[in-house]
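First chain written, first letter: the chains are A, B, C, D, E and F, and each begins at residue 1.
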Amino acid sequence: MSLTIYRKAHFNAAHRLFRKEWSDEKNLEVFGKCSNPKYHGHNYDLEVGITGELDPETGFLINLDIVKQIIEQDIEEAFDHKNLNLEVPEFASLNPTVENIAIVIYNKLRLKIPEQYDITVKLFETARNFVVYTG
Amino acid sequence: MSLTIYRKAHFNAAHRLFRKEWSDEKNLEVFGKCSNPKYHGHNYDLEVGITGELDPETGFLINLDIVKQIIEQDIEEAFDHKNLNLEVPEFASLNPTVENIAIVIYNKLRLKIPEQYDITVKLFETARNFVVYTG
Amino acid sequence: MSLTIYRKAHFNAAHRLFRKEWSDEKNLEVFGKCSNPKYHGHNYDLEVGITGELDPETGFLINLDIVKQIIEQDIEEAFDHKNLNLEVPEFASLNPTVENIAIVIYNKLRLKIPEQYDITVKLFETARNFVVYTG
Amino acid sequence: MSLTIYRKAHFNAAHRLFRKEWSDEKNLEVFGKCSNPKYHGHNYDLEVGITGELDPETGFLINLDIVKQIIEQDIEEAFDHKNLNLEVPEFASLNPTVENIAIVIYNKLRLKIPEQYDITVKLFETARNFVVYTG
Amino acid sequence: MSLTIYRKAHFNAAHRLFRKEWSDEKNLEVFGKCSNPKYHGHNYDLEVGITGELDPETGFLINLDIVKQIIEQDIEEAFDHKNLNLEVPEFASLNPTVENIAIVIYNKLRLKIPEQYDITVKLFETARNFVVYTG
Amino acid sequence: MSLTIYRKAHFNAAHRLFRKEWSDEKNLEVFGKCSNPKYHGHNYDLEVGITGELDPETGFLINLDIVKQIIEQDIEEAFDHKNLNLEVPEFASLNPTVENIAIVIYNKLRLKIPEQYDITVKLFETARNFVVYTG
């Protein structure tokens, strides 16, 4: 038996894919145009799923307003209209691939969402590319 | 090995979130503007998933027309253009949160869909809030 | 030459279609299940278009944050999680069809958006039914 | 722990549902208008999910450009603007239901995607009907 | 002043683009893979717009149920699950490009929608290619 | 009488809104977080409409493959995975607001699309903000 409630959010950010340890040539070879040193950007669409037991008194799995506030404060304010490489500490030395961004979001939410709930992070980098991470 | 076929449907309904046992103040505190005593409403989008074995003769997991008819008769006719609190018996004393509506839909479908199939109910209350219930 | 900038918004509301002067039978005949006396509801999706001249200094046609605030205060706060028939004064004696709701929204925005701009209101009652009103 | 990356693709094709062993009447009875002997068609939307371990060096689960190329060469070129019954060998004697098409796609991808990755195929025949197959 | 109400519909059909007077080579040169002699197909999404004056008594521009019925009978039943070239008389000698399909739909609706209303036909052949025709 | 055919495209880019002549404080005051000196980014979705007469021989308004190629070469290759401010010459001294980007796209297409056709550019900066420019 499984009940999951989802909340959507979004943020717009600049990034580039690269490893500092590699030359520009090697970064270009591995990451292609995504390694452009002058950055490009995306509208990231986020779906956060919370899995757990229903509270029979309220009929809520969790108060979604609280989830919404955590997402706004910890994810949207931290990432929106930012350069992920330069301005978001988690990516100072971590390549901001859509996979890594999803893992960072999961880890940030895991600190705030009570333990009895499982978390699913679905993150769209474009309408065609997206990831799902469940911890 | 898993094969699931999905069918989308939708219904438009009014509702309010509240517990009869609570005062208006307590309902407002817990459910916010969703507890408005004069009701508000939603376009509910529903995705029903049926999981099971393929029938090698037809190449169908299940005849989707039969699923479509069950959804129309048991869900859409029962809920569409209705006030969920006042006109749908299942919610006479059950708070019509999106979680509870999904569980009610699952239970109604479970009575009609043969036992060898598992059922998934995904219900969107808005484009931003939705639940998945798998029984 | 024409440049139009659009902003999307949304609100969730209950309503019923009916004329007070008509019997329930006549209302049912004309408005069908939309005349349910106990109300039903929708997620209304709104697109507001503002047409005018570009400000060459900013590259903005209009500051969209100001448009967003007007929509939030005058439309979303007025309509969201409300019963349109009972709680929105404009529909006290006006049938809240999607056509009339779009006209009311246009008229409210027309009072706040400077005269040099034309306004377009596109309002979705469902994903399948919508109107466009241009004053 | 689970990380899955998805890539969307699409193809437009004609098909009919029928079994050669059955009469036209029986095909019509079982498959309805989908058995039209002169064919009908669809825009098929495909989401391929690849599940596995993150490569900590690149921050990629898999190089999505390689997945994109496999999908283009093995699925889109093979199916796009084709008559599935007449021109795609896999359906010479297999009924091209959306279930069977998803299984064929999965099997074709399974030959090319390295073993350490799991594959999910989500295939939309229409916006309302779709399947998920995970092998 | 302009008020338009829209209704969405859809049909799935097979077609090929070609001129009988031309060789297969010339058809291939001009129409590319769309001229495949064995056909391909699409999910066509249709938006019909009706422009006119509001009826102040009902608050309706037009009774959308009547528009819905006309679209179902004259467009969906005529085109859905059909081979446009072989089974729809209007395309017996007319190339079923998305442009021509939109014009045929417009002309069929023009016969049924009262003269005081203008008609707009928006037809999607794919999510990426579509036309608008206004007579 | 009007017939318009549309083609969708997309590109992902970084940008910031600012005027070189203004201080960072003034830019922040006018452009808000969009003036972040370290850039942010978007997935831009583009719809190009071409209005004109139907070619009765082909049933095409224009060969959409040619339009698609012009968009790919002149818009997508020029803008995709770029920093609009630093790498796209048109924005060297022009603020890359969504309005100005749409006008630049229109002007670039106007040079390539034959004169007998009118052009419409619809550009989405986010799912909620977009512009339409018709020259």
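The criterion applied here is as follows: a residue touches a chain if its C-beta (ideal position, glycine included) is under 8 Å from a C-beta of that chain, and two chains touch if they have at least 3 such contacts.
It should be emphasised that the depicted structure is a prediction, and the values quoted were computed from it without experimental measurement.
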Given that subunit A and subunit D are copies and touch, would you call their interface same or different according to whether over half of its residue numbers are shared? different
Note, CA centroid farthest from subunit F's centroid sits on chain B
In terms of mean CA position, the chain most removed from subunit C is D
Taking each chain's centre as its mean C-alpha position, how far apart are subunit C and subunit D in Å? 41
Inter-chain centre distance, subunit A versus subunit C - centres from mean C-alpha coordinates, in Å: 34
Counting in whole Å, what is the centre-to-centre distance of subunit C and subunit F, each centre being its mean C-alpha position? 29
Hunt down the residues of subunit E that sit against at least two other chains at once, touch-wise. 127
Contacting chain pairs - touch in the sense defined above: A-B, A-D, A-F, B-C, B-D, C-E, C-F, D-E, E-F
Touching residues on subunit E, where the partner in the complex is subunit D: 10, 12-15, 33-34, 36, 38-43, 80-83, 86-87, 126-127
Taking the complex as given, what residues does subunit D use to touch subunit B? 17, 19, 30-32, 94-100, 102-103, 127-135
Going by the contact rule set out above, which residues of subunit A touch subunit B in the complex? 1-8, 49, 54, 57-61, 64-65
